[in-house]
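This is the structure I have questions about; it appears just below.
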């Protein structure tokens, strides 16, 4: 039940995305997850298009910063479970390998994004939509948003660099509750814990947030260029991560 | 005035501990510090037994997670000062060396514990009982708990990896107040600072906490195995710590 | 319009500072920024004298800890913009080089300070007075204090190690808002985010804070010596920072 079966020839061209609505205006590239009927669940196409849209925004000199948000009531309900269904036993191994490459490319698109990256969380976020939140520079959330990472109860591991970012952002005592024990938290709790920058009343959310984002896009670009790579958590592993030897 | 003078033949056997009450039930290994009349002050025997109980729980395949808690009104009043009293001058140097090995083994038992480790802080915690708190994955506390590390006023250094974990958990501005200037904090403050995961009213503390812990023990084990070593602060030095060279 | 044009022969001698008021009493070295009419804006002389005062306090065996505070209503309004004005085009390159050396020496004086360093923020702090806050061990603030780092809007980069300390102290989601997008925060917010240890009502601020600081100076010195270098954020780069290679 994917609504993105159409194989677009060149997903890296704005306007040609089938699962996203991407717009550029006054320096702001808005990447909107656009499967509202499916709560913006991420299909294989959406993983690829999301990564392509980030890469495109990074290269485009007219883009000052990028925003990711969802269409409709949900920010994103996580991985579309149809991605992993109907796989024949003999194809299981290949699918696991393909999924691994898919996710790696998806996360790399975040890590390599060199401009300010802002999450506008318009509703509930689940799974990979939560774990990737530590790769953003700012996260603004409506007070109707919730954050849920139900991995352990499914016998799965959290992805999106969350095992790296969550202990740093939330502290270990709170990260474990979310990542090991599936604790679902509200926008207010997420903000108190540092996963969200600021929470807004749902009624004025879009107005307040976009006013602020548009003002950020008017700042001189020089300041970002030098500071961002040093402060963004998504590039810290390049500075300090040492593999377990 | 130690109540644990009995030299048990094999402290690594459940039921044979003299300073602890250790039980295994439905995947939960409960390690209860059991010197309530002494506010669960840690004798030399208790250091050794606590380490042995952690090692035993880690090896036991029936154990999903371990909990440390105290019997009576105190969680733990820290190091039993009798450990260091009545030492003759000629034995001082050997005692210092023995203590160092004892503490190293005790901390290693935490660092090497590979399953979820939960602190159930049923009352005041002092000294090494506080400094080791950064080695747990979750800490649930009664609202009657307090946290106190009176090292500087005694001219001592804090142990239990706290100089590593506390700045990461509390941030430097708050860690210094506790570790350098002996600030005693409440359970509510500890929770706000990230040292405690959640605080419960004392009246419902045991019921609420154990209900939650028992539910955690029913999760599929696969999820923990992969995630825990990456997010637990007690194993982070293995990943990223570089000694001052 | 600098009020520190007098070239004092030896700025490293207490009482001879022209931009600071430095006193030693009962183990506490109080370094007071003393240009209240200029909101304690930092002239080139003040950069040098501040660094010299820290070095002097570090060497003086009678000093247990040092405090930095401001005279008048402001803590410090940041870099005195006169430092960079009236420079002739042919001298621009040399001035940039001189400024870089000046700032490096200033920051080094913090990093090399081996005793507890306490900020007593008596009013608004701006720019470099905020970015250096992550190099203190404790920061006590009046509820009238505010914290503002308007670098991006000027096309400048934040200094004072803030790109290193701020993400660690505030978390990335809040650090970006301050360092990239110039968000001005109140003392209460700064405390909630970990940049300030405690906030006091302005009316009782001086009394409460100095009572506490004087009590700290009476602690045995042994405890600090071993613990401080391990927990202070200003010395952490020595332990764990690995340059991007």
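By letter and in written order, the chains are A, B and C; residue numbering begins at 1 in each of them.
We take it that contacts are C-beta pairs under 8 Å (C-beta built on N, C-alpha and C of every residue); 3 or more make two chains touch, one makes a residue touch a chain.
Here the structure is a predicted model, which means the values were calculated and not measured.
Of all residue numbers used where subunit A meets subunit C, under half belong to both copies. The two sides are thus made of different residues. The best fit of Cα atoms from subunit B onto subunit C calls for a rotation angle of 120°, in steps of 5. Subunit A and subunit C have Cα centroids separated by 37 Å.
Each of the following residues of subunit B touches two or more other chains: 240, 242. On the subunit B side of its complex with subunit A, the touching residues are 116, 134, 136-139, 168-169, 194-198, 216, 219-224, 226-228, 230-233, 236, 238-240, 242. Contacts from subunit B toward subunit C in the complex involve residues 151-158, 163-164, 166-167, 170-177, 179-182, 240-244.
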